[in-house]
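Just passing along the structure, written as structure tokens.
Here the chain labels run A, B, C and D in written order, and each chain numbers its own residues starting at 1.
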């Protein structure tokens, strides 16, 4: 699409910056400025990528890719099945908003760590930029292998970030984080390979190649490549890797540990972006490529997500450490996000993608604020600090603002996504529009209590920290590093853009949704097709004489569009004439329908 | 006669070099330049192999009953000599002045042995080559360090090595018993006299696969030799010596120990497997190898998990890696002789062994790079985890190299190790298509491999962590040996290059592997009209001379 | 239509602008001048509201003139009113994947809607808010006149509150209604927590927000259920659909209804199935919506937050807890009268809750000594009245009562505020009395408002309360009517108990206060205006008829009711359909009831003043005698404690349990998993004893085992 | 073949049982002889001389081993003073 390989430049700048920082040994001040400069340059490149993206939104429809570039990285086309490991980048409606969020948050995080990081600046900023590059890589990777490599590569910088600049028992937290995620992603690695191997059976414009290209893998399903059991196993393999990354209920114990120990900027990036890799993975890989399994396991995922929501909220309520509280709140929020994804409804999907962006913004900002408090009072225990509103009114304003955004107050971004997710789950059981998703009302109501619990623990935290009599740990605020009592101009200018983004997304999310919709509809369509087949198999069982009805069915199939199916099914019982007719959809029919 | 000389040119050059270096060692002032000469000779050998490879351009050449060269041998020689140069460079500072001559000549002899195993087409030559590989190493270990542990390591290695050699030989004798001839492959078609076959492969091809595979003699012979070779690989039943020997010897030597015998063992096993044309699917030998591979990986990783001495940890990690390599061999070349390492186990193994050699060597070289005040005045190479503590603070580049090599061993993306593991796992997976009967067991193997990789990550991480996090203990200094620094840099680069630009290496490993598959080409032979004159001439020579 | 839209948009924007300006600018420059910004903002939107009222009234009258032949069938003019005015697309909910493209129906717009009910509410809200803003300019100053700390923050949040209240009232679809609903909750949280130093204030603010949130939870479920059934959230379409469903079998021509069904649900929806679906779900929808109303208007189960909300500054209590926020619930039920009317159970439930709350709150008010607490409970009981009115079908009279109640309750609160201001923050009526002489203006306005509250004849509350009681008697559950009368008596009694103890009797002042001085002009002005409003507001709902009627002159069901008639016409139709005979709110022959209720009011007033002035000892004796009953009532039936025990503590314990599970259970599993390789290692390590023989032995055993396995072939 | 197997077995047992290093070395030599016998037997089976040719090579290697082995044993003896294999236990675990 674009002449200039924008995306590769986008990826290269942070990595280049990291190398330069690592190579030269400037004094900390220049390093800081350089790091910030590099991240802002990346932002600039991204803006022009956005410009190009905006022009072409037209052909985004039905899962089109923009700004794609692909060069073969390793290709030995020796014998029968050539090996083509591609380096393919591309952006579409789903990855663009997440990219923008990352591009907004990382420079701010780097800027915020000017005061919080006192030692070994060089490695710190180099690692931050490396992490930045890896994250961008994940979002715009169009090749499963590249996706996996970047997915893995984000682990190292963060491992060191937590390990070196973390809190008290940082090594235990870093180790647990690294090994836990790695163990999960090892299984995913096996899944990736199996998928790549299966993909070679896809005849794509004539040639069959052993490749990991997303588009070919997406075609895999269309050509009926994967049997139901295979899909099920692959779904489980990818589930292992992604579920640990998104702290889904049983696997979330590493998150509070990692957050409490990570330095401010580290936990901002961890919360805002890294958790999203898991959900993004689900959306980008698990849903489209294994739709049968996605539907089959939908209820299981639904239950896990809902338990996650309630569990996270309750656990957050009893915390004494502010950071751990916010960490558990992200467990609860991401439960929502997954719930939205598995309700197989456009509302749910849009809601979950929006949720990823909103959660990133609000929780990222909350962590920044907690970091700022920590820089001043060197404690995160709620019972040691209190009544800060009097001493730090500006900070109080921002804290209340972002709490409201994360609770989901209408008018701010949290509400939009929360409402969409819940309404999607609510109507997920209904069949008359499109097809029924696996989740229904039974999931929506317990999840809705999540909003309630959310308000309770967030306000509990706000009251303990801001209101009530003023309590300060012993020595008052430490004014080293030019920190004034209330937020310095720098800190305010860090939080302000995030606040503006929250308001914009809350009041007028239409442009972002316009991007998302065309990219999400192919995912839904693929799931819809599958559902049709299951539904036939169910009703087909009812048929007595196969031959006669199939002739009739074929004629019906061509004329009827999807919506009449319901009539046929419902009225089937009532009217004696219309024998229970099932519409027989052969795979190529679904092609026609697309 | 000229053909044989031409074929063996690299080896001959190396032997001459070794002897030359031996003499150089005698005189005081020349001994310092021994290293330079040995590097020169190694480079010469490489160049000769390169010339041979170009000449043969990919097809089989049988000089005499017991020798053959082909893409596989060229690949093996190139890799062997390249690593050889690195080892020699790295060992510059190890031997004392007076023993320098013997030291380097022994290294050269060991590498000659390695390249001979590749060429060997005859059980006898194969065994000789294996011995030539391991005997010098016994002495090298003894020479490498003056303290008592080196002697103990040498002793242990010798006794157990001899024991294993006897085992292998015993196995070979049984194979000979079954087949009746020593040569593995032959180009000739006409059987010498009724009933006798020109080569084991011919014998195997003659009968149908099933009863051949279940010929008792063959099975016993096969398993015994497999056992003996497993010692070289340090596979599980015979892995006991690894930790003590690796800990005893000096780090560069341990680096070489990690690579040379393992590579030789693997080639020997490849020879054995190609005799039976990789048809081990339906025989119980498949399960034998399966168990060895699985056990090696698991036990190797578990033991490594326990260690605090970096050398012992890396020793057990090399055990684990032999497990991965065996797994690749189990996958076999893949029915359709696929063109990519993703489908062809042997190619994956060849690619991975090359990368592994560099990684392993790199890791040990870094260890020898960090010196700590040893018991007597001469400083010791770092061993315990504490020695590495906080190394990153003062020597960022060296610890970066260590981190790169360790990440490679772990199989982390952006290092050759990742690609290696990728190829091995995917070739095993694609092998499921070929051997339907073993579909589940192969997938289980991959899962075990994946879990082991994760466990492996745990203890590798500990090394990196101690480098980067612990406070520097202050007494760690670095050695000044230039050669070591160059070798270290080259290893680290090779590991990273393995990921960034693996195309070339893959192409070579694939062609080499392909050649490995067509071994049982008793039927196929070079007709007179084959294109280039040179090989035809050598074929007549082979036929003629019988 | 066009100017209506611009006006409608401007109304909320002005207070918002005021708030933003104060927030941004106020902190540095305007220090104590920031109130001007908010005053101008609220004042401006008040003017605009009047303009809109004028426009709507003219529109309605034009229809009367044009169609005086047909009976009240609204012509083009007021029909246009019921259309919602789309402002912009907010976000998407439904896009049918099959069609790929996004149909517009899927988009939820931010829509406004201006009709009679909105005008009434706007007038009430903005008038009272304007008064309160003026009042708080005076009130929020400490003794020597300059602004308290957080002065500008207070005004900013006031602006936010007015903005959100306007959004709530102007909402065109349920989503915007929910938006306004939550924003109002937020602003009440911020305002109650104004004095955040005091821990109780912070606790009260949090409690208010969370209880509101519980209500909103029910409300949100209701909205989703509506969307699930009707696939649209627009008020008008939903109401037409419901009306259509329930009039369907009434033989109307239902082409219009079927076409509407097809437009919203898509061509294929079968009408019959839709009808069955709606009938089964309507009760659920109504109850869930009412749950939201209960949360906001502090009805019985969720009323706990209102008394504690008195921690906030008095203007806040006046504005939020008297006139505007608490009435949001009533407005919601009135707006969705169609939905409520169509389900018997819901109507009964609303009425029951209303009655219970009214009676229950009145009893508690009798025993309280904190003036603001008494007023809070009196608000509770008046709200109970309004919901009872709604429950029995008298939608217009309950809105009328809301309208009148706003004026006198705000006046009472502001009066209490000026007393508190004078008494230096003391509000316990036992510690001072006889302020009559010291604070004549406050006393006078307070007296008028109390008379109105008590239901003294000819004053505003009398008319509206009487209409509700009358409708209650008419409804199929006369028992509500009796509860209404008894509560009226109690209301009169506790109101004048308060007035007597505070203003009459000998002059007593709490320590440290030399003399009670009147508030400045800024405080008394609004008081006077509101007291006048308390008197005159009633007459809007009454029309003069010669002969007959109460005192020969007055006839209930005046201009106010006609004005609201079209809004609740469909609801009335359904109710009539259900055979409930009480069509109109009141009609001739109800005069007997008027006399009875005015008698009760006077009785209550005299008895309270007599008891508390002449014989203060008697009430104490009664209290002592009733012993445990008194204590029960005094402690607000221990509702707070019950809630705490039943809900709060178990949840916290569950939370701790979850965290405990998290910490040791799951981590334990991980620890075990992590150590498996270590365990294997230990096992194997024993074989590594370092002796060569040991190694060789190991090797041989291994090999033999291997060969044995291969030989007898386990494969 | 049986005889070869017997001798080989003897060598193995000798290697395991005895602690004295020289005896261990001797038993490896015996194992080699066992293999030699086996080779010759196999040669007889097939009637070609390749078996014996291999045998000769084996002898040569055994000699090399002997030379080297004894040198190492002497070295260890000089270092440790005893011939007992058990004494060499410094590295373990």
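Here, a contact is a pair of C-beta atoms (placed from the backbone, for glycine too) under 8 Å apart; a residue touches a chain by one contact, two chains touch by 3 or more.
A quick note: this is a predicted structure, and the numbers were derived from the prediction, not measured.
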| item | value |
| --- | --- |
| Contact-richer chain pair (by C-beta pairs counted) among A-C and C-D | A-C |
| Chain occupying the most central position, where position means C-alpha average | A |
| Farthest chain relative to chain D (centres taken as mean CA coordinates) | C |
| Centre-to-centre distance between chain C and chain A (centres being mean Cα positions), rounded to whole Å | 38 |
| Chain A-chain D separation of Cα centroids, rounded to whole Å | 65 |
| Inter-centroid spacing, chain D versus chain C (mean Cα positions, whole Å) | 98 |
| Gap in Å, rounded to a whole number, between the CA centres of chain C and chain B | 81 |
| Set of chain C residues in contact with two or more other chains | 674, 685, 688, 690, 692, 696 |
| Contacts with two or more other chains, residues of chain B listed in rising order | 155-156, 159, 163, 243-244, 306, 458 |
| Where chain D touches two or more other chains at once, by residue number | 15, 24, 85, 88, 90-93 |
| Touch relationships between chains, expressed as pairs | A-B, A-C, B-C, B-D, C-D |
| In the complex, chain C residues that touch chain B | 674, 677-682, 684-685, 687-688, 690, 692, 694-696, 698-699, 701-703, 705-707, 709-715 |
| Footprint of chain B on chain D - complex, ascending | 1, 4, 8, 11, 15, 21, 24-25, 28, 31-32, 34-35, 38-39, 41-43, 45-48, 50-51, 53-54, 57-58, 61, 64-65, 68-69, 72-73, 75-76, 79-80, 85, 88, 90-93 |
| Chain B to chain D touching residues, read off their complex | 123-124, 127-128, 131, 135, 138-139, 142, 148-149, 151-156, 158-159, 162-163, 165-166, 169-170, 172-174, 176-177, 180-182, 196, 243-244, 247-248, 306-307, 312 |
| List of chain C residues in touch with chain D within their complex | 685, 688-693, 696-697, 700 |
| Touching residues (chain side chain D, partner chain C) in the complex | 12, 15-16, 19, 24, 85-86, 88-93 |
